[in-house]
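Chains here go by letter, A, B, C, D, E and F, matching the order in which they are written, and residues are numbered from 1 within each.
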Amino acid sequence: MNTPTNSAETRQDRFDRGMEVLTRVDGEAGQRVVDSLADISPELAHQIVSWGFGEIYHRPGLAPRDRQLVTLGMLTALGGCKPQLDVHINAALNVGLTPEEIVEALLHSSAYCGFPKALNATFVAKKVFGERGLLPVTAD
Amino acid sequence: MNTPTNSAETRQDRFDRGMEVLTRVDGEAGQRVVDSLADISPELAHQIVSWGFGEIYHRPGLAPRDRQLVTLGMLTALGGCKPQLDVHINAALNVGLTPEEIVEALLHSSAYCGFPKALNATFVAKKVFGERGLLPVTAD
Amino acid sequence: MNTPTNSAETRQDRFDRGMEVLTRVDGEAGQRVVDSLADISPELAHQIVSWGFGEIYHRPGLAPRDRQLVTLGMLTALGGCKPQLDVHINAALNVGLTPEEIVEALLHSSAYCGFPKALNATFVAKKVFGERGLLPVTAD
Amino acid sequence: MNTPTNSAETRQDRFDRGMEVLTRVDGEAGQRVVDSLADISPELAHQIVSWGFGEIYHRPGLAPRDRQLVTLGMLTALGGCKPQLDVHINAALNVGLTPEEIVEALLHSSAYCGFPKALNATFVAKKVFGERGLLPVTAD
Amino acid sequence: MNTPTNSAETRQDRFDRGMEVLTRVDGEAGQRVVDSLADISPELAHQIVSWGFGEIYHRPGLAPRDRQLVTLGMLTALGGCKPQLDVHINAALNVGLTPEEIVEALLHSSAYCGFPKALNATFVAKKVFGERGLLPVTAD
Amino acid sequence: MNTPTNSAETRQDRFDRGMEVLTRVDGEAGQRVVDSLADISPELAHQIVSWGFGEIYHRPGLAPRDRQLVTLGMLTALGGCKPQLDVHINAALNVGLTPEEIVEALLHSSAYCGFPKALNATFVAKKVFGERGLLPVTAD
C-alpha cells in the first residue's frame, strides 16, 4: 500500500505530498495552474494537488511514463482540453517519453478517435516541442 | 400547463414570449447572440428564443436557479462550450446563484467529468467574475 | 472550512466519513457499487467513497439537492452513464427533488444536449420511478 | 418561409403537423417513442414531435434524405445513442437512402470519429437491415 | 470495387491518389494541413491524405456532397473541432452544398446535439461564408 | 520507415499484414469482429485490419504495450465503447500489461474523465478478468 493506511495525516500533509509529485512531473506548469486558481477556486487547486497527484498519481502501481500514455489518450479523446494537453505533453517529456513516441501515440489515436482529435492534439504537441527546441521531429 | 394549450399563437407571439424570458435570464447577452446570428442563421436565433426560452425555459416546473445548476453541469460535461458557459455563468448569477455556489458546483463536477473539464469551466467563471468585480471568491 | 485542516486523519477516518455521506445520499446503492468493485478495484471504491463523497460531496458550500441537479445535467450530457444515472436519480429523490422536477430537468436538457441524450436519461428515470412506484408522473 | 408567420396556431395544431412529418419519416417507430414516454414525460414527447419534427424537420430548406445523412453523422459521433440510431437508420431507408449508402456513410465516419464509434453504428445498421431482410449488403 | 484489388501500388501511388482527391475537395486548405504537419508528424499528414482521402473518400459508394453532410453532422456533434469545421464547410461549398443548405443542416443539428454545439458550428460557418463573400445568408 | 515505401503492395498484401498483427494482439477476438462484419460492411473490416493494424499498429515507433495504454485511455474517455474495451483489455493482457496495471490505469482515469467513465471501464475489466480466471485482482 503506497498511501499511509494507519498513520494520520493533516490536510497540509496531503497537499505537500501532492505538490512534491506535481513538481516532479509537471515542473513549473503545475505551480502555474495552482496560482491561476488562487482567486477563483483555491479548493480546486488543493484537490488537484492533494488528490490527483498526492493520492492517485503518487501510487506505485503504474510507472509515471505509463500514466502519461494513458493520459495522452484520454485528453486526446475528450477533446477541448488544449491547456491540459499542453501541461501533459510537457509532463510526458519530463518522465521519459521521447518526442517520437508522443507523435506516434497521437498518430495511433487517429484510428480510435478519428483524424480531427488526433490533429488537434498533434498541433498542441507542435507548440510544446517548438517551445522546447525539439522540432522537427523525425519519426521514422 | 404553462404554455397556452387552447389559445392560438403566431410565430411572433412565441418569439416575444421567449425574448422576454431570455432578457430576464441572460440580460444583454441574449440579445448579442441573436444579433450575431442575424446575417448567418436568423432562424437559429428565432428557435433558441422561441423554443429554448419561450417554450422550455418558460415552463414553471423547475425554478430558474435550478435550471442554471443543471445547465452548468451540462455545459461543463459537454466541453468545448466556453461562449455558452460565459452566458450561463452570467445567467446563474442573474437568477440568484452566488459566486461561491457556482465555484462549488464546478468543483463538484470534477468527480463526474474529471479535472480537465472542471478546470476549463472554472477559468470561464474566473473571466465572468472578473468582469463583474466578483473576485476573489472565498469559498470557505 | 468543512474538512478538517489542522487535525490529522487516517485513511480509514476518511473512508468512514465518506461512507456516512454516501449512505445518506444513495442508500443501499452506494454499498452495492462498493461491493461490486471488491474483487476488481477496491481502491477505486475507496476513492469514490473517501474522496468523491467524504471530501467533495461532504463540503457544505452547495446543498445536496443542488449537487444532484448539477449531477443530473452532467450524466445526461456525458452519455453512456446509465448505471450512474440510475444511482443518481435515486439519490435525487432521496435528497428532495420531486419526480416532476427531475423530469423537467431532463426536458430542459434537450435544449442543451439534444433529444437523444434527453431521451436516454428520461428512460432511466422511467425505470427508477417504476421501481419506486412513482409512475405515472404528471408534470403539468 | 415554411412555418406560418402570420397565422396563429394552437399547441395541438403544432403537434398534429409534427406527427404527420414524424409518421412519414419514422413510420411506427415515432409513435412507439411517443407511447413509451406517456407515463414519464409526455411533454418531452410533445416537444420532440411539435418542435423536432413539426418545426425543424418540416422546414423545406434541406431534403429529408440530406437530413438523415447529417443525423447519421451526429448519432454516430455522439456515441451511446443506439435506440436513436435504430430509429434513424430505419428513417434513412424510408426517405430513400440505400443500405449501401448507409454502410458507406458509416465507413466514412471512421475517419472522423474513429473505428469504435463506426463499429457501434454499423452493428445497429446490421440489426435494422436484418429486421428488414436487407442482409447481406454488398457494398462494392 | 473502387480501389485496385489486384494491382500493386506503392506508398507514393497511394499518397498521390489521395492528394488528388484532397485538392479537388478541399482546395488549398488540404495542402496547408499537410504543410503544417511537416515538422511534427509528416506521417499523420501522409495517412490523412493516403487513407482518409485516397482510400475512404475516394470510394464511389457515396457522393462527395453526401459525404460532406455526414461530416458536418459529425464535426458539429464531436465539438471542439473548429479548424476541421472550417476546412469542411469550405469543402461542403466546393462540392455543391449551398450556404442555405449548410445553415439548415446546422439548425437541424440543434435537435440532436443541442443549441451550444449548433451555435459553435454556425459561427464557424459565419466566418467561412464571410471570407468567401457569401453573407448574409437568407435561408427562407 | 516501417512500411514499405518503394515496393508495391496489393490490397491483399496489406490485409494479410494487418491480419497477422491483429491476430498477434487480439487473438481470436479480431477474427470475430471481421466475421461479424461480413454481411454488413466487409469493407469496414478490411480497413480496420489493413489500415488500423497493418498500417498504424504495425509501425515500430511505439511498443505494443504502450499502444494499449493509450488505447485504454481513449476508450475509457470516449465512453460507450464496451465491446471495444473488452477486445482491448484482452489485448492489453496479451501484450504484457498485468491485471494490476490495467486496474491502476483505470483508477488513474478517474482524475481525468471522472468516476462514471472509470467505473464503466472497470466493470468491463472485471468481466474480462473473470473470463480469464484473473479475479480477484489485488492491486496493493
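Keep this in mind: a residue touches a chain if its C-beta (ideal position, glycine included) is under 8 Å from a C-beta of that chain, and two chains touch if they have at least 3 such contacts.
Since the model is a prediction, treat every value here as computed from it, not as a measurement.
Asks: Work out which chains are contact partners of both subunit A and subunit E.
Replies: Common neighbours, subunit A/subunit E: B, C, D, F.
Asks: Taking all residue numbers at the subunit C/subunit D interface, are over half used by both copies (same) or under half (different)?
Replies: Different, since under half the interface numbering is common to both chains.
Asks: Based on the averaged CA atom positions, which chain is farthest from subunit E?
Replies: Following the centroid criterion, the farthest chain would be C.
Asks: Measuring between Cα centroids, which chain is at the maximum distance from subunit A?
Replies: D
Asks: Decide which interface, A-F or A-B, involves more C-beta pairs in contact, and give its chain pair.
Replies: Between the two chain pairs, A-F has more contacting C-beta pairs.
Asks: Between subunit B and subunit F, tell me the centre distance in angstrom, where each centre is the average of that chain's C-alpha atoms.
Replies: Distance between chain centres: 40 Å.
Asks: Can you compute the centre-to-centre distance for subunit B and subunit D, using the mean CA position of each chain? Integer Å is fine.
Replies: Centre separation, subunit B to subunit D: 28 Å.
Asks: Residues of subunit A touching 2+ other chains?
Replies: Each of 43, 47, 51-52, 56, 59, 74-75, 78-80, 84, 103, 107, 110-116, 139-140 in subunit A touches at least two other chains.
Asks: Name, in rising order, each residue of subunit F that touches subunit C in their complex.
Replies: 79-80, 103, 106-107, 110, 114-120, 122-123, 125-126, 129, 135-137, 139-140
Asks: What does subunit A use to touch subunit B in their complex?
Replies: 33, 36-44, 47-48, 52, 74-75, 78-81, 83-84
Asks: Give the list of subunit F residues in touch with subunit E in this complex.
Replies: On the subunit F side, the touching residues are 3-13, 43, 47, 51, 55-56, 59.
Asks: Would you pull the subunit D residues touching subunit E in the complex into a rising list?
Replies: Checking each residue of subunit D against subunit E gives 1-2, 51-52, 56-57, 59, 61-62, 66-67, 69-78, 84, 100-101, 103-105, 107-113, 139-140.
Asks: Please give the residue numbers of subunit D that touch subunit A in the complex, ascending.
Replies: Touch residues, subunit D against subunit A: 110-116.
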